[in-house]
Amino acid sequence: MSEPVLEISGLRKYFDVDRSRGGGKVYAVDGVDLSIGPGEMVGLVGESGSGKSTVGKCVVRLLEPTAGSIKIHGRDVTHLRQRSLRHLRRQVHMVFQDPHSSLNPRMQVGAVVAEPLRMHRIARGKDLTRRVDEMLERVGLGPEMRSRYPHELSGGQRQRVGLARSLVLEPSLLIADEPVSALDVSVQASIINLLLDLQRDMGFSCLFIAHDLAAVEFLCNRVAVMYLGRIVEESSREELFKHPRHPYSQSLLSAIPLPDPPVQRERKRVVLTGDIPSPVNPPSGCHFHTRCPVAELPLCRDRDPELIAHHGQGHRTACHLVHADGTAPDITKGAGPLVHHET
Amino acid sequence: MARLEVEDLHVRFDTDEGQTLAVNGVSFSVEPGEVLALVGESGCGKSMTAMATMGLLPPAASRSGSIRLEGREISGLSGREMRRILGREISMIFQEPMTSLNPVFTVGYQIGEVLRRHEGLSRKKARLRAIELLDLVRIPAADRRVDEYPHQMSGGMRQRVMIAMAVACNPKVLLADEPTTALDVTIQAQILDIVRDLQHQLDTSVVMITHDLGVVADIADRVVVMYAGHVVETGAVDELFASTQHPYTLGLLGSVPRPDLVLADVQGRLAEIPGMVPTLHEPPTECVFAPRCPRVSDDCRTEMPRLAETAPGQWAACVHPGVARAHPTEVVLP
Amino acid sequence: MSAAGATVRVGRRRSAGRSRFVARFRRRPLALIGLVGVVVVVVVALAAPLLAPYDPAASDYSAILQGPGSPGHLLGTDDLGRDVLSRLIVGSRASLTAGVFATLLALVVAVPIGMVAGYYRGWVDVIVSRVTDVVLSFPFLILAVGLAAILGPSLKNATIALAVGQLPMFVRITRGEVMGLREQEYVQAAVINGAPTRVVLRRHMLPNILSPLIVQSTVAIPGAIIGAAVLSFLGLGVQPPTAAWGTMLSQAQQYVSQAPWFAVFPGLAIAVTTLSFNLFGDGLRDVLDVRLAS
């Protein structure tokens, strides 16, 4: 692979908890390594509290990492200050989840899309209008949209405007933070298709953050699964969806209901018991051991598993029970009091 | 006899901009122990249908139509009479379990309150029953958690408490309005399992309101698909998914990424339904889906088609019904 | 693509938006009454010299303390034989000037302070918040009276004193709103787009905190009008013989038993004006709130 566009290593982000709420730290991101090559679409999936959004916000430096490093095109941006961030601000952009809060209600669509161009003094006057129109067209909006205000648009149209704003500078990396999860299914489909088309045309790399595995699978070449601040498995899309190794990935996949009644009824499913533990006080050893149907105590409780490559193709798993040759425990066959079998 | 029958339900809103027709002639029925899914996107009227069934509409709304609970007409009941039924014979769970629970009382007290009011249990008995109920919805260490406050619990736990509260008096019908939408998938799977169990154990009829076709496939026996306040297709879940008749249902099915099909490379592109769900201000003079429909023809522009039986037990409100599968790709909408 | 179908609908919605705004206002009769009251008072103040039947300072010693309805004097005369109606009309200028300018001045000073505190947080915020807390712990009128006494009696100083009294409230509101907006995704998007802080504050925050500030102003203005009246009543505001509602009241108090109307009319003027602003403000808040929510 040529030089990665984004290289995250050992990323940690802790938040302080108010003393009035008992103090302590939220271990939101607790040691994440991930890199994205040119033109690659990488999915970062996990449930709430997994820290996936925090990773995204650290990359665009809305948050300053507690430890670790973030490199964009080989340049370390981890602790850059306002002024020196200029380079980053041109290269890396972000689309947000909520189409209602992602656009300034007092700004017209044209001004929203023009802002990045003006801030970086790339275009002005007629040229500016032309580039805004071009970008709007690319996301499927006509030039008459320029003078509209956000409250006049549907959720899908707003999300298109958000995409136009984040791509108008032709960044090399797009962070997409749950860009479709607040939309209706039919609108989701159009935004996912659009994102796919834009990526093919413009060739940016993309970190697609989502809890919806199906969307990730549809869009991404590579997928990383996060649980409580750590990546537990990372591999190509095919590998992850056909042969998930980590027990958490397996249970996550088995929890998605498929929209096909006979298939869904026949599936072997494992329903995890209990809740995701709080990131304020994550379990020792493997964070997943408290919910893992096949955990082997005391090993999984006492020792942190490392994210180790196995089985070629850049497949990495952080589980004591996955062997170097890629053999992994099958949670549907796992015994133990934690497993709940469906009939 | 059907547990719950809703017939020709209409809900209308009076707003600053005039009237809005939210529900337009919706009819459905649920049998004992059956799970009926009300499916549609936001603005299709599915939640309004549920609220109207419960008699819980906001003051600006007006309702007409017949609602029968085990054959007994309940649409004409007064607020006081309705409150005797709500929670005891028909109850409801909502999407947001945080705002549905009162933060200043323990969960045990809140579950117990339902029992004390409807069944006249003593405080002590109500608490014991609350523990049993928490156990039923698989809350571990129920005897300890019964004394916790809502804020001490996670979203998934609170949703279980809501379910425990809703089934406390062993209701005949449970309406569930997007009960898993705010939850993570692993928690969603737990909640769906609990609902399924309750329905088996207590023979409850469940009306599951959802936009997630995966949830429908997982739990429903029959499906009602809604669009712009109208029922556009209804039928048994297997047939409806296998031989979809209405182009809107087809569009919905095609717009969901399918993990199994993506890998098999049969889903090249997701189906899109162009345009937006309309808000009706007056009765439609054409098929409500016509402006977005790939099968539209002049015949569709004369009136809103009525539901017609396309196969035994399957009904569609479409001038051009036709069996098609959303996958593989041969029927991707333009 | 969906654009074509959507455009028609959106166009219709936009024109509907503005008329809906008007329609909402129309549906609130109290707000409408308030609006009429505010407009009347403002017009009277602007056109005072044209409207006043007499020179408000001209004494007619042949007609002292005449009752309302006496020939030539609709609302009677005061202890120096000056026409009460004329003094009331011209006096509206001092009251409104003090009220409106005090509030404007407070806004101009408070908004930047509140924005900086709310956006940067940290030690700036701690200092600003503590200072506003201290100032807020003094009752508004006591503070204004104290300041006016120090600055010396005049309309200008009364206005400044009232403005200072209103500062902390506006700082607090601005700070709170900005702290909320900071978490909005469009503000974060602006930062990622490379917008410098001043642009973020000016373009992305200021327009979005205006409606709560406008609503608060409709509450602050009547407060300041009463404050101005109190100051002139105490002799700390407008100086005689210039007409002001407060000074009229203070003059009238000696004659309350002989000529009660003399005190009633300026009192009524103050009450009606403040009530109008309050009603209008309530309506405005409802209308703006609904609009933002939809």
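Letters A, B and C name the chains as they come in the text, with residue numbers starting at 1 for each one.
The definition used in the following text is that a contact is a pair of C-beta atoms (placed from the backbone, for glycine too) under 8 Å apart; a residue touches a chain by one contact, two chains touch by 3 or more.
The shown structure was predicted, so the numbers you read here are calculated from the model rather than taken from an experiment.
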Apart from chain B, which chains still form joined groups through touching: one piece
Relative to chain A, chain with the most remote C-alpha centre: C
Centroid distance [mean C-alpha coordinates] between chain C and chain B, Å: 50
Rounded Å distance between chain A and chain C, as computed from the means of their C-alpha atoms: 49
Centroid distance [mean C-alpha coordinates] between chain B and chain A, Å: 30
Set of chain C residues in contact with two or more other chains: 1-2, 6
Multi-chain contact residues (two or more partners), chain B: 276
Residue numbers of chain A (touch at least two other chains): 154, 156, 190
Parts of chain B lying in touch with chain C, wherever the complex brings them together: 16-17, 274-276, 291-292
Chain A-touching residues of chain B, taken from the complex the two chains share: 41-42, 138, 140, 154, 156-157, 184-190, 192-193, 211-218, 220, 237-238, 241-242, 251-260, 262-263, 267, 269-273, 276-277
In the complex with chain B, residue positions of chain C that touch it: 1-2, 5-6, 9, 16, 20, 23-24, 27
Chain A-touching residues of chain C, taken from the complex the two chains share: 1-4, 6-7, 10, 13-14, 17, 184-197, 199, 203-204, 207-208, 292, 294
Of chain A, residues touching chain C in the complex: 60, 62, 82, 85-86, 89-90, 92-94, 96-98, 101-107, 115-116, 119-120, 140-142, 144-145, 148-149, 151-154, 156-157, 162, 165-166, 169, 190
